[in-house]
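For reference, the structures are reproduced in the following blocks.
In the two complexes that follow, chain A is the common piece, with chain B as its partner first and chain C second.
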Partner chain A sequence: MKIAIASGKGGTGKTTVSTNLASLLAESENVVLTDLDVEEPNSGLFISGKKIREEDKFKMIPEWKKDECILCGNCQKVCNFNAVMKLGKMIMVFPELCHGCYACSELCPTKSLPMIPKKMGELKHFKSGNLDFIESKLIIGEEQAVPLIKQTLDYVDENFPKRTIKIFDAPPGTSCPVIEATKDADLILLVTEPTPFGLHDLILAIETMKELKKEMGVIINRFGIGDNNVEKYCEENNIPIIAKIPNMRKIAEIYSGGNLIYTKIPEVKIQLESIISFISEYQQENVL
Partner chain B sequence: MKILLTTKGTEWDSKMDPRFGRTEFFFIYDEETEKIDIYDNRSIANEAHGAGPKTAQIMSEYNINVLITGNGPGGNAGAVVSQMGIKVFVGAGEMTVKEAFDAYKNGDLRET
Partner chain C sequence: MKEIVIISGKGGTGKTSITASFAYLGGKNIVVADCDVDAADMHLLMQPDLEISEDFYSGLLAEIDQEKCIKCGKCAEVCRWDAIPVIDNKYVVQPLDCEGCGYCALVCPTDAISMNEQNVGKWFISNIKTKTKMVHAKLGVGADNSGKLVAKVKNEAKALAEKGGKNIVIVDGSPGVGCPVVSSLSGASYVVLVTEPSVSGIHDLKRVYELVKKFGIKAGCIINKADINNNKTNRIKQFLEDEKIDFIASIPYDENFTKAMTMGKTIVEFNDGKIKQILEKSWEKIKKI
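Now for the complex of A and B:
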């Protein structure tokens, strides 16, 4: 079963929920936690384990061979991302803009743009008891998160049985990386804060997930600040609120130290247990 | 010298556009012939990615010697500009086209 922890707004507590939920679940069963926020993964700050695998990840980009090129400019015409440009008597490739679609390469009449692998990031796999933790990270300068997220999801699919609970710490927002990180998930948990800004971005996330026809639940973090408009909205739109994590200075202090929270604050553990029962109910209803 | 300025309009007293990749117009002035050439780049607003290289590609077809802009091209467009051997002067983002051109002639703009 795949559960994506997402949010509209950044900084609402996706990583807090992901790491604590995965660790609590791992006390009684096998769990895979995967950090898909490949532009700035941070779940690893809270999970210690033994590194069991490390892989470089590559994307395919075109490389210009000038000898046979007739400078027809077809490559530039077919590229949707402005990643290949004809400049005077040369063709320039912008690897960071390239989406690896092969169009320029396949449609080149003289085969002057062969595709070559370019390293885009690294995947690391750690293990600690029942918990497998996988983290991918783009190398500096890489702009394309989607191909690395896709390859990371493939790694999870290839290495773990279907039934195992898999938690994906998704990137924030509603753009392409979020779609990639959530599109295969059975269940989406949206973490928000009860403020006007939190609600605004939560609505964007909910609308996106509705478009993807996803089941979802909302987790309110820092409950107690702001107002009650998130609750009102969820009620009016029939979206279950499955946990309310209280706003406590102590939580921020523990988080800042890179530690798990539920082991020290019972109120948080109660909220996580409520998330776990929501997940089990979903599992039973859908035979996952 | 053929000089390209990134602008928000088509006249000497128009405002400069501080952006390179997403500039609204090219204002191209040929010092020898004293001819002005305008390129309307406003459709660049539709590009989600790669505005810099795209604008740089169009610029490359004008065979210019000097680029005057506000903030200067970013990494991708900058690679094109240096490939073409174009001199880049920045810091003219808040001026009019005429002021930017005069500042360049007086050596008041920073070359990157």
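Now for the complex of A and C:
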């Protein structure tokens, strides 16, 4: 079963929920936690384990071989991303603009633009008891997160049985990286805070997930701060609120040091247990 | 004209609340741009009165004319995104998977595939409560090309500033280190990094600063919620010193940020406390740069 933790607004507590939930679940069963926020992955700062695998991840880009090139300019013509250009007697490739569609390469009449791998990030796999933790990190300067997210999801699919509970820490927002990180999930848990910013971005996230026809539940973090408009909105739109994590300065302090919270604050553990029962009900109803 | 961009790497550090405070303090002499187009929130504090609203088209989407299609499957074969599955015996483009590369259209023997510009969102110009203008946007659901929408918002804001004889554009940037952030940073005169003293705050600050360095832009830093973890705050200060980043201010943890937000206000309008003083001093420093 795949559960994506997403949020709309950044900094609402996605990583806190993902790491604490995965660790609590791992006390009794096998769990895979994957950090898909490849631009700024943070889950690893809260999970300790033994590194069992490390892989470089590549995207494919064209490389110009001038010997056979007849400078016909077809490559420039077929590229929709301005990533290949004919400048005088040279063909220039701009790797950061390339989406890796292969059109220039495969349609080149002289095969002068073979595709070569370019490193875009790293995947690391850690293990600690029942918990497998996987994180991928984009190299600074690489602009596209989606290909790395895709390869990370493939790694998880290839290495773990279908039935294992898999938790994915998704990137913030509602644009293409979020779609990639959530589109295969069975269940989406949206973490928000009860503030105008939180609600505004939660609505965007809910609209996005409705478009993807996803089942969702809402987790309100920092409950007690702000106002009650998030609760009102969820009630009116029939979206279940499955946990309310209290607003406590102590939680922010524990988090700041890179520590798990539920082991120190019983109220948080109770809320996580309520998330777990929501998940297992869903699992039973849908035979996942 | 100066372009001051506020970014954070990590979300939830208070970037937008702080940017809105600077926008308030800058008053009518600046133009405001909300480039966090994915989750734009600044308008919630600025009382925007919409003046212009326009659709934004960018990127292409493949569309198959079923009458012309001979079901040869060449399109699906060349597509690297598996965006053209067979559904009910027809080749159908999945809009969320299509990257817009146009390779399918190039190889289609019957010209059944057209590439069409996509409406990926809207951008707006609003009059805001500080008697100036703000450019903001809303990205469509799951849309690609947020980097291009960011560039659009920034360019419109710069044009407005030039036209109105205003010498500062203040930009609320997006989180992360990917294409929208790259777009937010390009052309910036100064970057303000907002961070918090937590393991993740530090981690993300370092990564996003690596990106800022690639652009060669001068940067300053504000440490928000500084008293949550004094140890980490000191580590951030050390990092700033090592990297020659200006230390602008430390702001203590204060739930008044949220109280002000629920009233649609920036914290500098909300009360005359210590935070207001810190932000006023910070703004004085930043605008002189």
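Here, the second predicted complex is superposed on the first by the 288 of 288 C-alpha atoms of A that agree within 3 Å, B and C clash if a C-alpha of one lies under 4 Å from a C-alpha of the other, contacts with A are read in each partner's own complex, and residues count from 1 in each chain.
Note that a contact is a pair of C-beta atoms (placed from the backbone, for glycine too) under 8 Å apart; a residue touches a chain by one contact, two chains touch by 3 or more.
Given the structure is predicted, the values throughout are model-derived calculations rather than measurements.
In the superposition on chain A, contact is made by A:L138 with chain C only, not with chain B.
Between chain B and chain C, C touches the greater number of residues of chain A. Of the two partner chains, neither chain B nor chain C is touched by A:D154.
In the overlay built on the shared chain, the residue A:E281 is in contact with neither chain B nor chain C.
When the two complexes are overlaid on their common chain A, residue A:F81 makes contact with chain B and with chain C alike. In the superposition on chain A, A:G8 makes contact with chain C only, while chain B stays out of contact range. In the superposition on chain A, A:M90 makes contact with chain B only, while chain C stays out of contact range. Touching of chain A by both chain B and chain C, each in its own complex, is seen for residues 81. Chain B makes touch with chain A in their complex at residues 47, 49-51, 53-54, 56-57, 60, 76, 79-80, 83-84. Looking at the complex, you find that chain A touches chain C at residues 7-13, 15, 37, 39-40, 42, 45-46, 78, 80-81, 99-103, 106-107, 138, 140-145, 171-179, 183, 195-197, 200-201, 204, 207-208, 211-212, 225-227, 249, 252-253, 255-258. Across the complex, chain B is touched by residues 76, 81-83, 85-88, 90, 92, 94, 96-97 of chain A. On chain C, the positions that touch chain A within their shared complex are 9-13, 16, 38-39, 41, 44, 60, 78, 80, 96, 99-103, 106, 115, 139, 141-144, 146-147, 174-182, 196-201, 203-204, 207-208, 210-211, 214, 225, 228-229, 232, 253, 255, 258, 261-262, 264.
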